[in-house]
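Naming follows writing order (A, B and C), and every chain is counted from residue 1.
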Amino acid sequence: MALALLIGVPIGIRVLPRGDVTITASALLDRIEGSRDLSYSGYIETLGTLQLPVADNFTDVGELFGERTRIRAWWRDADEWRVDKLLATGETDIFRDASGTTLWDYEKSRLTRTVDADIRLPRASDLLPPELAHRLLADVDRADLSRLPTERIAGRDAPGLRLSPGASQSSVDHVDVWADPDTGLAVRVEVFAKGAETAALTTRFMSLSLEKPSLSTTSFSIAPGAEVEYDEVIDIAAAANLYAPLKPPNVLAGLSRSSSSRKLRAVGVYGAGVTQLIAIPLGDRAAAPLREKLRLTPGAQALVAGDFLQVGPLNVLLTRFRWIDSGWLITGTVTRATLLRAGRQLDGEIVYLGSRDPP
Amino acid sequence: MIAVELHKLVRSRRTWITVALLNALPTLVAVLLAVTDLGPRPGTGPAFLSAVLADGKLFPLAAIAIVLPLFLPVAVAVVASEAIAGEAQEGTLRYVLTRPVGRTRLLVAKLVSIVAFVVIAVLVVAVSAYVVGTLLLGDQQGVASTSVSGTALSTEELAWRTGLSLAYATLSMLGVAAIALFLSTVAESPLAAALGTIAALIASTLLLTLEAATSLHPYLPTRYWLSFVDLFRDPILWRNVGRGTALQAAYVVVFLGAAWANFTTKDITD
Amino acid sequence: MITTRGLTKRFGQIVAVDHLDLDVREGDIYGFLGANGSGKTTTVRMLLGLVLATSGEISVLGQAMPASARAVLPEVGALVEGPAAYRNLSGRVNLALFDAMGPERDPSTRDKRIEEVLEKVGLAAVDKRPVRAYSLGMRQRLGLAGALLRRPRLLVLDEPTNGLDPQGIREIRALLLQLHAAGTTIFLSSHLLAEVEQLCTRVGVLDQGRLVIQEELATLQQPTGRTLVRTPDVQLARGLLDGQVEHHDDASLLVRVTDVAALNSRLVTRGVRVEELSPERRALEDIVLAATQPTSDQLTGR
C-alpha cells in the first residue's frame, strides 16, 4: 500500500494536469523564434543514443551524443551565460561573457580562457533545448510543421511541434519540439532518424526558471592560486579551420555554404536546419587515429570514397587523399547518397589555400 | 531501551573492529597517493580523489566517497541484520521482550542504535581522513579550497559543506538500515538478513547501469548516494540531495512499517 | 495468579495447545508436567506474550495477557527454554543491562539488587569474565538471577535445574522453597517427575496439547487403602493376615488395611519382625503414565 503510494503519487502528479493548449503550429514556431532574447536558468537532462567512434580529440562529442548528460544552465543573454556539464565526480563548465569564453575542468583542475572560434565541435551549451531548437528550426518550411499534444514538462503545459522535413537529402525523419506557450522557450527537443523508433537525441528541462540569473552566477571568479591557460585553438575543428591549406567549395552536393560560415577559412558548413553538412579537412596526425577508430566500429564500411559510417541520423565519411592519411571529414544529418556525392566532389576539386604555419 | 542499545553498541568490540576496517581502505589510498603522487584519470575513481593531491583538507570527502558505495553499506547491513535475528539466535530476544520491552519500542531502539553506528563510522572515517590527509597530502594553510565549480571556498564554508556531506552520507544509509532491519525480523539468522540486504543493494546498483530500467531509477535506494558531490558545486545543486533525502525517508517509512507489521505479530519461538 | 480459558495455539495444521484451562493460585508451586513436544514450552511462551494465542484468554496476576504485558511482566520473573545472555559481556553487566530495559526501572537500587541475586544463586564470587566463558551450570544460575532481579511476585521457570550438578540442584531447590516461603508463587515447567514431586504443591499434566490432570499433589497422592509391610517373616505374616494380602514377594507384603498402627501391634504381638510399615501412596509417575498416551513424544497432526 505504502509502496503503491510512493510510486503512484509522483506518476500521478506527472500525468494529471495536462490541459491542452490551443495554438497552431505556425504560431508556435513564431513564438519559439521570438524567444531568442529570453533569460532563463534550469536543470537539463540530455540523452544521446549514438555510439560514435571516439578518437581522443572527439571524446566530448562522443559523450554528448552517446550518453546521458546532466546540465545546469544560467542564461542571461547570448553573450552572458554559464553552462555546467555535471559529472558524478566533478563538472566541466563553460562561462561566457563579453570578453570571451572560460572553460573549467574540475578533475583536471584546468582553467582555460579562449577566444571565440568561428567554428568548433559541439559542446554542452549546444544541447540546451532553446539552442538546439533554434538550430534545427532554422530556415524551416512551414508546410513541414504539425502540432503535437501538450505535455507536462518542467512544471509547464508545453504544446508540441513536429517538423517532418520534406527535403529528401535529410537523414532526419522528424524533430519534435515542445515549448512554453507564453514565452516560446523550447523546453524539450527530440531528434528521430529515418526508420528509428526511439529518439537519437533527447534534451529536456527537468526544472526551469524564467528569472534572469544574476551576473555573479554566470561570471567566473577565479579561485586564488588557480592557474589559467590561454588557448587560441579550442578543438580540432577550430585547428583545422585555422591551419589546413584547403579551401572548401561554395556548393557541396547541391547544398550551398551557409551564410554564417562563409567567413570560415578551411571548414565548410552547408545547408540549414535538419539538413546540414560539415566538411573539415584533417591532416594526417588527426585523421589517422580517427580512421583507425572508424574502421574498428561495427557497421563501418570501407568504400572507394573513404571510410563510411552511419550512426542514427548522423552519417560520417572520412575521405583519404591518394598517398597520405589526411582527408576530409564530412559529416551531417544528410543521406548516405548525399554524403558520398560530397566526398567525390571534394576529392575532385581540391583548391589549395596559401599555407599558414602554426605559431 | 535506547540507552541500553547504545550502551551495547559502544561496548561491543565488533563495532570498533568494523569502524577500524572501514578506515583501512581510505588510509591505504592516502598513503599510496602520497607515495606515488598519481591521481586517478578524470572520470574514473571516487569523487575528490584527484583534488586531494593538491589539498589534503578535502580528503575526508574523498574517504567518504571511497567507503560510501560498498564498504559502509555492507557494514550497516551486517550491523542492522544483527538487530532482531541476532538477538533471536542468541536467545536473548525472549528475555528482552519479557522484561518487558515493547516490540515497537525495541525496533525503534534498534534503528536509533544503527543510526548511531553510522554516525560513529562516518565521523571516525572523516576525522581520521582529515588527519591522514593533512599529514600525508599537504595542508595548504591559508589557501582557500576550490569548489567543484572552480570558485574559492573559505575554510568556514568548506567546514559546513563537509559537515552537510557527512550528514547526507549518514542519511543515505538509513534505507539500507531499514531494509536490513526488516529482513532481520523475517530471517532466521542475521547472516541471511545481511546477505539479503547486500543482494538488494547489488541489484539496485546493477539496475542503475541499465538503460532499460530508467523508469525505476528514481526509486532505487542507491540512486542518490553519491549526490553529496552536488553540495560542492557553486551554487549548491539541491535537486538530487533533496530527492535522495525524500527517497531515504520513504524507504525508512516503508521498510520500518513492514518490519513493525511483521515483528509485532510474530511468534517468538527461538 | 495464572488462569487460562480455552487457550489454543495452532501452527498451521498442527494444534500445539488445545483448549487449555490452567489455574495457578497464589502461593502455589505449580508443577507443569509434560513430555517433550506436549506443548509445554508453547504454553509458557503464550503466558509471557512471546507466542500469540490462536484463541482463548490468558490472565496473569489478574490482568489480560498479552494486552497488559507492560503492567504484568515487571512482576514476573521468567526463565524460558534455557538461559541466554550477551556472550561478550560479563554476568554483572548483563544483569545491569537487562534491568535497565523496560518499564519500572530503579537504577538507584540496581547494584544492590544485582549483588543480592548473585548471592542467592551462588554466583557472588563471579569475576569479570564474559558469559562466553561460563559453564552451562553458571549460565543457568545467571538466568535465574535475571529472573529474580525485580523481586517478582510470580516466577515462571522452564527446566530451571537443567545443566546443574546434584549439589547445584539442591541449592536451587532450597532457594525456590525459600522464595516460596517468602510469598512468591512459582510456575515450574519440567519433564522431571522427581523434581516436581519434591517441590510442588499443585500439578498440571499436559499431553498432546491437552491438560489431562490438574490437581493438588497431596490429593493425587492419597493413600490407596493398602499398607506395605517389609519383613523377613513373610510366610508367618501371610498366615496371620490371610485374606487381606493382595500381593507378596520374598521380603514384603501388600495388605488391604488402612489402620497402620493396629496392623503393627497385631504383627508384632504374634512375633513377626517388622522392618518397615507404611501406607501405600500412588507414585506421581504412575499417575502421569496412566493419564497420558504412550505416543506423546511423537508429533501428531490433527
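Things to note:
Here is the rule we use: contacts are C-beta pairs under 8 Å (C-beta built on N, C-alpha and C of every residue); 3 or more make two chains touch, one makes a residue touch a chain.
Note that the coordinates shown come from a computational prediction; the quantities given were computed from them, not determined experimentally.
Taken as a contact graph, the chains are arranged in an open line, each linked only to its neighbours along the path.
A simple rule picks the central chain: find each chain's mean C-alpha point, then take the one closest to the mean of all protein C-alpha atoms, which gives B. Look at where the CA atoms of chain A average out and do the same for chain B: the two points lie 40 Å apart.
A straight line joining the Cα centres of chain B and chain C is 51 Å long.
Annotation: 86 Å between the Cα-based centres of chain A and chain C. Across the complex, chain B is touched by residues 11, 45, 48-52, 69-70, 73-74, 76, 78, 80-89, 93, 97-98, 100-103, 146 of chain C.
Taken in their complex, chain B has these residues touching chain C: 1, 3-4, 7-8, 11-13, 90-92, 94-102, 265, 267-269. Across the complex, chain A meets chain B through its residues 2-3, 6-7, 10, 43, 72, 84, 86-91, 93, 104-109, 111, 206-207, 217, 220-226. Those residues of chain B lying in contact with chain A across their complex are 42-43, 45-51, 54, 65, 143-144, 146-152, 218-219, 226, 229-230, 233, 235, 237, 239, 250, 253-254, 257.
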